[in-house]
Every structure is written in structure tokens, then in C-alpha cells.
Amino acid sequence: EYGIPVNAIKGEDEKTYYKHINTALDNKPQLTVDDGADLVTTLHTQRKDLISDVIGGTEETTTGVIRLRSLEKAGGLRYPIIAVNDAQTKYLFDNRYGTGQSTIDGITRATNILWAGKKVVVCGYGWCGHGVALRAKGLGSQVIVTEVEPVRALEAVMDGYQVMPLIEAARLGDIFITIAGDKNVIDEAHLKVMKNGAILANSGHFNVEINIPALESLARSKRRIRPFVDEYTLKDGRHLYLLGEGRLVNLAAAEGHPASVMDMSFALQALCLEYMVKNRGSLETKVHPVPDEIDKQVARLKLNSMGINIDSLTPEQKQYLTSWQEGT
Amino acid sequence: EYGIPVNAIKGEDEKTYYKHINTALDNKPQLTVDDGADLVTTLHTQRKDLISDVIGGTEETTTGVIRLRSLEKAGGLRYPIIAVNDAQTKYLFDNRYGTGQSTIDGITRATNILWAGKKVVVCGYGWCGHGVALRAKGLGSQVIVTEVEPVRALEAVMDGYQVMPLIEAARLGDIFITIAGDKNVIDEAHLKVMKNGAILANSGHFNVEINIPALESLARSKRRIRPFVDEYTLKDGRHLYLLGEGRLVNLAAAEGHPASVMDMSFALQALCLEYMVKNRGSLETKVHPVPDEIDKQVARLKLNSMGINIDSLTPEQKQYLTSWQEGT
Amino acid sequence: EYGIPVNAIKGEDEKTYYKHINTALDNKPQLTVDDGADLVTTLHTQRKDLISDVIGGTEETTTGVIRLRSLEKAGGLRYPIIAVNDAQTKYLFDNRYGTGQSTIDGITRATNILWAGKKVVVCGYGWCGHGVALRAKGLGSQVIVTEVEPVRALEAVMDGYQVMPLIEAARLGDIFITIAGDKNVIDEAHLKVMKNGAILANSGHFNVEINIPALESLARSKRRIRPFVDEYTLKDGRHLYLLGEGRLVNLAAAEGHPASVMDMSFALQALCLEYMVKNRGSLETKVHPVPDEIDKQVARLKLNSMGINIDSLTPEQKQYLTSWQEGT
Amino acid sequence: EYGIPVNAIKGEDEKTYYKHINTALDNKPQLTVDDGADLVTTLHTQRKDLISDVIGGTEETTTGVIRLRSLEKAGGLRYPIIAVNDAQTKYLFDNRYGTGQSTIDGITRATNILWAGKKVVVCGYGWCGHGVALRAKGLGSQVIVTEVEPVRALEAVMDGYQVMPLIEAARLGDIFITIAGDKNVIDEAHLKVMKNGAILANSGHFNVEINIPALESLARSKRRIRPFVDEYTLKDGRHLYLLGEGRLVNLAAAEGHPASVMDMSFALQALCLEYMVKNRGSLETKVHPVPDEIDKQVARLKLNSMGINIDSLTPEQKQYLTSWQEGT
């Protein structure tokens, strides 16, 4: 409707995906808006000729930011990027409430299970994991969290969840949700001890968090019993159910994030791109945080759109916050 | 029992408090462990002669860190300080679960109210405010949050709380809890419109968050009806109940934080002091964050003490996290 | 697969619905299993000739039980009915967890809204209303309950919800869910004051709980913007969104209750029918409760199917419960 | 202040307790208001001469009602009793929100533990158990429920709690709370496998729910480490902590129920006594339920006192509810 060419289909394969990335790059972008860093990676490897024109870019996801920081550390980053993912108005909302709700929604649509009373194993307690655990609990599930980072693990304990190594949780869970940002989080050893009927879903990183090749090799047959639900019959007779082929279940089986959380991420993208153009030439070639004022501005816009007013500091209160002499 | 002299009484007045601070300083400390920055402030103003011996210090509270950052910014800080308060194993746990529970506990002990069905107004949605709101909700209260920072305000909305300016909440609340870290958060205008019977408690900053002089001047009489509960009879006939004279209600009316959250803060203090001694001379004179490794170590120790094991990354997973080439 | 003829289509109109009822009755049933009492009503009005063969029946829903009790009171009931709806293993589970989850699910599928931060008005706080309110809260919504029965209203207050008359809630809500078991719960007066963009869904009684004729007459146009979502543009310019034409949103836009809650209701049906046949002739012609032993048996079977064991009373404990002499 | 003689002391022994009961009976009551049925039992055994003057009585507790029903069943009940405990405005509120909060409060005051992250075993999932479990969860605990009644056990599962036999839970729990209404709920076998440091509290039935004689015989020493906390050192070296000598922990270590839940129970008592006097001579000699109209009246009075208005049915809606002809 606005004269912008769109290259998108549902259910595209990897080859088509990279063809689309290259088609997009053929437009010789001055700004890049990426989600997972595949476009930026392509630009830094196969399409290096285009880089000199690029003023800057933004990255939407945890995964992409991790990859870009690795690229920066390796000395390979060629233009400044703002890590939109690390903005408070992104990760506190999109990752937690957006991914939380939509992951649960995807699994519900795929399976029509009742969440009340189910043992749900959430692998990873980052912001997305927080959201998924909170929503599963809110629907009456018993939540077990697995985590490798001790501070997050402790937080999960204090939030009222059971925390244990995945090899123990694997024997207990009715539903497993990976959201750890790493590969083979659910690995062969775990698959071997799961209960008959266990459901496997990923809402984290591409389709690598569940070791699907291992699942394939343990299985003697596989059939699709509902859209997005593949029943694996293992050689020992157990059935395991893989949702959405192990790809992000909220995108595969539901509609992704609700509009009312994506609006904040898009506002961040737009304001950050504007900021990069305005500050062209003066930004270091590295991964930058979102400027705090943009973060606050997006929150203020969102509150306004919801009809919510808040207080502001009085001059006396501002003064108090900046002083160090006033004591007890 | 260990030969350490202690200067402490319950119910000390300000003069005695500062006498104790000075008595402590008379020992010519090489390390300072402070809670609110009063000792450090005294050292930087009246006891400057002692500063040259000090290797470094730690600060426990949000308030203290704010004051020390102001001092640093004003160019006045004279030795390095580690902001223990800003460690994840501090603010995620002590501020949230510790202050959350103990604030509610203090109010319960002072008043024996039933929380279910009460409208509780939480002024401030920092980590402490998160905890207080969560615990009030967990006891069946309707929680209203007031906040000046838009990102936090939005987070409160998404966490399911009502958010509004305090002047509106003032008309609705049964119980008001200030935990904003600023002065006159509840001011004369708010006191004027509160319902008869409203309860006022502070769990934030010294005794300045509720404007007590304003309350005194609106009142025609005042009497203590239970320990820690002062009934103010206003000139218009309404009764307002101020708990613990507006000082931290968890310390005044309950027993402060439970041991099982203070242990983490104390472990941080001890490990940070050790770190400062080990790195004597090489630390910049500024407010430092807690080294990440100390933070993780404290979390690991705490999990061990609770008998909880967690996973660790496989070499393959570590490798994956540091690479930027692997994509979709 | 079992040689049982089924008369069912999705999206049937009223005429077809009653044709199906009559086709079912043509089989001259000895037992009736009803959901809403339409079949039993037809039997007691147009098909009286068939009644003498009927041993008994079961009724699944709150609505149906209310109608059958009216029929009994009016002296018209002609054979015994067991009110399956009133079994604990029905209303505590199906009504609360089943309707709770599936109502939210239907609205999510129809609209893809984010529940976090939304003001959700639940009209009616029976067991179904309990479930809907609990699930909306569990997804981060602010829940407002309206109710006409004072004990339930008070329970909603103590459960932490806002309670007020609907005419006040109508101005505040983003989403309205009727689940009261009565007609015109949302009436013209409420529609007139709702916010632009409000969403209306029914999960209660047929399609009468929202006054749709009133909505039609307030509107100047109407269009379907997504499946199950009709946008009404009112004469004053506001838009209201009616889901699933005001019919049960969990059936219209989702898949109804999950299997793992329906299994209990069906077990109750089967065991109650068996009970009626076994006790043929000795049961009074009235609406009976489900025998307590059947209720417990269904719970026991369900726990077994989930792999959960529980304790049983020791002889000493049984003895203690039946004695009245043992005191303090 | 009203000329009513009171016979009460804190910490009374059994002999004094029964002396007080007899002193009260010496006043030749026409109405009895009992809590646990000890007074009524005394009247039916040692003071039979006084019974002929008694018009009726009320009973406040689950325990008392169980004993009175046993008495009725045994043919021994001599005057009508209204089971106030079974009123909705009693058990839905006092038992759940009152006992729930005050039990947790009693344990907090006795021990100052942090609830977040603790494994809390609730023995019994009646209304009181619902309340205790809900409040422990609301404070961040992991709750395990044990129950002998399958419907309640299943409800606990669906409410998101772990459910298992107590002998398994005994190995896991940090805190055990009995609220089952029976004796030796925690028995020798359970005590033998508990973790070092486990805390035992009773909020159920007199002091019989925890088998204290068994605990005494397993212990090699015992000392009071805080008010209401007895540390038992077992022969195998483990420490177990018994609160309030196994008596109701909310009465022993806290202040019992908050006034704002007791007011409803007392209103029920008063209105039921009035009802008995008005209906003198026409009430059967049995245990009666609270008349529904009194129940609703108490709820209405309570809502009014909280400033909450609710809707009432329109004539059209009342009509709809009583009809059975209107269908789909």
C-alpha cells in the first residue's frame, strides 16, 4: 500500500530465505533492520561490496546481538549497530510478555492441551524464559526451570519454581519448552528418559535447541497427527510429540507476538534509525545500546496510547536525588 | 563472641546514631562497609583525616549508591567503593524478596489487617517496589502502582497492576506504602484526599518519603493505639494511621530481612572486601560494580546451600555461543 | 468407527439443530445425555409419546440444570435426571479450568491480543467466571468482576479483583466476557458508554448474554475484519468488536474444552447412566445429584491416569473423625 | 465495658480451660456459642441438668461441626445447633483467607524465615488448606499438597501444586503445615525421613495433627531457641523445629484471624442466634445449616462496609432464570 516491495512467503525453505535476503540487499540499503543477524552476516561475508554505503543498523533479537558482539570482538564489524533487543522497552516487554504469551498460545493451538496440572519444563530463564514460566504458572501448570547461569537459576527458585538439571526434569515433564539461546539444549540423553506422551516445543533459537537428528535416530516412525504436531514413535515404544518441526512454536503454530507488543519494538527501530542518520559519522563502529532517552520516549508513547498518566518528579524531589549531603 | 566491639541500641536517636558512627570511625578503618552512606559521608566531611588509610569500601543500599555517585560526580569521592547494592545477587533478591516480604510482614504485625480485598498503593516500582507489589498481590490485595519513570510504570501495567498518578490513587487506597527513594512522595495534597482509615507505611528512604510535618499540621490530635501505630485525627475528622513514625516499617515493626536473604548480601560484602584488598592500589577511585565472577559465586554458594544442582554448558554449547557464522 | 450414527455439522442454524434433536429422538432413547436441556425439553413438549420408554438421563450444564429444576418445580418432569453438572468432578474442573482456559484461548485466536496490561471485565463469578478471571489474571490482565450475588461478589473482592456495577466497569474495560447464565447481561446502557475499541465476548449462555439487537440498533455499519470478529461502527463513531456472533467464544473460535477435562465429564456421564440402569425403578422422578461415590471414583481414576498417588486414612484416623468425645 | 463477665487467660492449661467452661455454664445459658464443641460436649455429659433451658446454639468450627454431627448421628443431640462454620460467608472467607494469612503470619513471626524458594508441604486441602497453600505460593514458595480425599487432591493438582503421599513429601519439605482435621497426620514414619532443619507447624486440629509423642521419643534433647520455636535434636543428629508446641500456630505465635474476617463470623453468630430465638420451638433438634438469607445478608453488609456496590437482577433477568422453555 505504500510502494514498498515485500519478499515474504509462509513456509519458506532455507534456500528461498537466503534468496530473499539477497534480493533485499540488492536494493543497496543505507540502513539495516535485522532479526537474527542473518542479513548482516550475509552483508559481512558474501556482499561486502555493499557495506561502504551502510550508515548503520538495528538488531531485534537476543540471538542476533550475541552474534554481532562475536563479530565485533573478532574485529569484523564494519558499521555501527544499535542493539534494539537490549532496550528496556524491548526485552522487558517483547521478550517476556510477548514471547511468554505467544509460546503458550502456539502450543495450545497445536495441541489443545489443558495447562492446569501439567508439569511444564522451561529450559532457560532469560527474559523469554521468565515470560514462558510465568504464563504457564498463570494457567495452572507446575513449572520446572533448568538453567546454566547460577544467578538466573537462583532467581527461578525464589520465584517459586522447581529448579534441577534437565536430566532429572526430563523424567518428570509433560511439556518441554526450550528457550535458552543455544544448541542441543534437549539432547539425546534427555530424549531417552522422557515419559511416553511428552510434548517438545522450541521458542528459542532457530531449530537447533532440540536435537532433532537425535530424535530422528531414536525413532522407528513418525507421522503428522495434527497440523504442527509430529508424533515420533521411538524404538522402545514411547511416543514423543515435536511441535512445528522444532522451529519457533509461536511463529509456526500461532501468529507470533501480538501487535500491542510489537508496536514498541518497531517504534524503537524507527527512532533508532532516525538517531543513526542524525548522528551519521559520529558513532563508533560497534554494537551500541539504545539511547536511554529513546527508551523512555517509547514507554511514554505506549502509556499515552493506553490512556495512562503517571506522576513526574517535583523540583524538590529532583534536587533530593542529586544530593549526597542529606542523610538520616 | 569474637572480640568485636558493637555499638548498637534499638530506638537510638539521631545524635546517638552519629555518635556511634564516630565511635566506629575512631577505630581508623581500612575498609568501610556502609548502609546508606552516612558513615562514608561523615568520613568525607568531619573526619577527613582518616581517609588516607582507607583502602576501599562497600555500600549496601540503593540510597547509599545514589549518594556516592553524586559525591563521585561532584569530584569529592576519595577512595574506591564497590556498589554491593547493584550486584544481581543483591538487588534481585534482597531488594525484591527480602524487602517485599518484610515490608508486608511489618505492616501485618503492626496492624493485624487482612490483606485480601484491600486496595494497596505502592509508590515506586523499583526492585523493592516490585517485591512489595508482588507480595501484596500474593496475599489477595488489589495493587495500585504509582511511578515517575515511564519504563517502570509500563512494566507495572503489564504485570497486571493499576497505574495512575498518586493524587488519584490517594482517594482509593486502604494502605499506602512508599518505596520510591525520594522525599515527600506522599505529600500534603495526597493526605488531604485520603479515605478515613487509610494506613501509611514507608519502606523506602529514611523517614522522608511521607511528608510527616504536613501530616502533623493537618492533624488536630495524635495518639498511639498499638505499638508502631499512630492515629492522626485530622481537623476534618478523618483518621489516618502512620506506622513506625514513617521509618522503615520492616525494621521498625518486624525483624528486617530474613537471614536467608541477608546471607547473600553479607557474602557479597565479604568477597568484595577481599577483592579490594587483593587489588589494592590498582582500583580507580570511583563507584565500582561488583565483579561478575563474585556475583555468580554467591549465587552458586546459595544454590549449593539449598541442595540445588544446575546444568552447565557443554563445550559444543560454549562454542556455539561465541560464533557468529552459524545461522538459520 | 463403532457403528454409532452421528448427526452433527459445524455452523448449523437453529432449524437444523432441532432437526438433529428430533432425528436423535427418533431412535427412541432409553437414556438421555443432554447439554443445555434442549433435547429433554423437546421430549417433554413435542415428543411426549417417547417419554414412557426413558429410564433416566443426565444433564451436563449449569443452564440445563436450571431449566430442569424449573421443570421439576412446575411439576412437569417425567423421568429422573442426574445433574452431572453439579458433580464436584464436573464443576470444579470443567467449568473452572476448562471454560477458563478455553474462553481465553478463543479470544486470543480470534483477536491475537496481548492480555498483559488489559482491563478485562468478567460478568459473573460462578465457577466458570472464577476460571476465566483466574486465567486472565494469570496472563497479566487487570480483572474487574461484576456479579449480582453478594457472596460471590465478596469472594471476588477477597480474591483480589475489582468489583463494581457493570455500568461503571463498562467505561473502563478493554475486553468484556459474559459468563453469568442470564440474558442481556451486557445491555444497551453498557454498550453506550464503552471505550472505542472494546471487545465483547460471551462464554456463558447461548447467545443471549450480550444484547445483540441493541448493539445492531446502535450501529451504523458492521463488517467482519477477521474470522469470528465483527466490527460494529456505532452512530457516534466508536468501534466495538463482537466475537463469534456472541455465541460461546470457546466453541466458536477455539476448540472447546481440552480433552483432559472433558474426559472427567464423560466418565461421570457413563457411570451415572450405568447407575440409573442399575437402580431402574427405584429412583424418584426428580433432578438428582451425582452419587458421592461416583464423584470420588472419577477423581481417583483421573489421578491414576496422571500417575499421582495419594494417602488414605489410617484406621485410627477414621475412628477419630467419627468420634465426638475426644476434645482439647 | 458492657457488664459481661469474661473468663479467659492466655496460656491456660486443660484443667483451667474446663473450669472456665463450667463457670460459663453456671450462668445457665439459653443459647450457646461454641468453638470446637467442648462446651456443648460438657453440657451433654457432665451438665445434663442445664440442657432443658437451652433454646439452641451455634458452632464456629469444622472440628466442632464434625463432633456435633457424630453426636446427632449417635442420637445424643438434645437441642438444635446451627453450623455457622458451614455458611458460605464463614468457610469461604474465615477458613480460607483468615486461616491462610494468619497461619503464614504465625510461622513468619515465630521464625522470620524467607518464604520465597522454600518447599512448603501443606497437609490437607480443605478450605483452610486452600488458603494456606495460596498464601505460601503468593509469597514465592513451592507448595506440595498431601490429601486423602481424591476430589480435593485432584483440585490441588489443577491449582498447580505438586501432590504426593506425605511419606514422599516428608523427604522434600522445608516447612510442614498440618491442616487436615485429623490426628497423627504427621506421624513417626514421616518424622524419621525429614531433612535436617525442617520446621513443623499445625494450624488444624487442637494439638493432635503432629504426633508429638513420637517426636519426643525420637529426640535426645529439646530446647526453646526463640519464643514458640522448640528445637528437637534427634538421636540421629537431625534438628526438627516444632512451632507453638503443635497447637494452632496462628493463635500461638500471631494474633489469630484479622478483625476484618472475624466480623463476618460474629455477624453470622448474632443473626443465627436471633433466628433461633425467633423460631423457638419450631426447629428440629439437629445440626442445621445457616439460612441462605442470613448468609447473603452478611455478604451484603460486608460489601457495604467496604464501599462496594454490585448489580442486581432486572425483572427480565429474574424471569429468564425461572423459565425452562426458552432454549437455543
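By letter and in written order, the chains are A, B, C and D; residue numbering begins at 1 in each of them.
Keep in mind that, in the parts below, a residue touches a chain if its C-beta (ideal position, glycine included) is under 8 Å from a C-beta of that chain, and two chains touch if they have at least 3 such contacts.
Just so you know, these numbers come straight off a predicted model, no measurement behind them.
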item	value
Which of A-C and B-C has more C-beta contact pairs	A-C
Centroid comparison with subunit B (C-alpha atoms), farthest chain	C
Separation of subunit C from subunit D, taking each centre as the mean of its C-alpha atoms, in whole Å	32
Whole-Å separation of chain centres (CA-atom averages), subunit B against subunit C	47
Between subunit C and subunit A, distance of the C-alpha-averaged centres to the nearest whole Å	37
For subunit C, residues that touch 2 or more chains besides their own	97, 116-117, 137, 140, 157-158, 306
Subunit B residues within the subunit C interface of the complex	116-117, 137, 140-142, 157-162
Residues of subunit A touching subunit C in the complex	97-98, 101, 105, 108-109, 112-117, 134-135, 137-140, 254-255, 257-261, 306
Residue numbers on subunit B that touch subunit A, as the complex places them	14, 17, 36-38, 41, 45, 66-68, 70-71, 74, 76, 88-89, 92-93, 96-97, 146-151, 153-155, 157-158, 163-166, 181-185, 206, 208, 295-296, 299-300, 302-303, 306, 308-314, 316-317, 320-325, 327-328
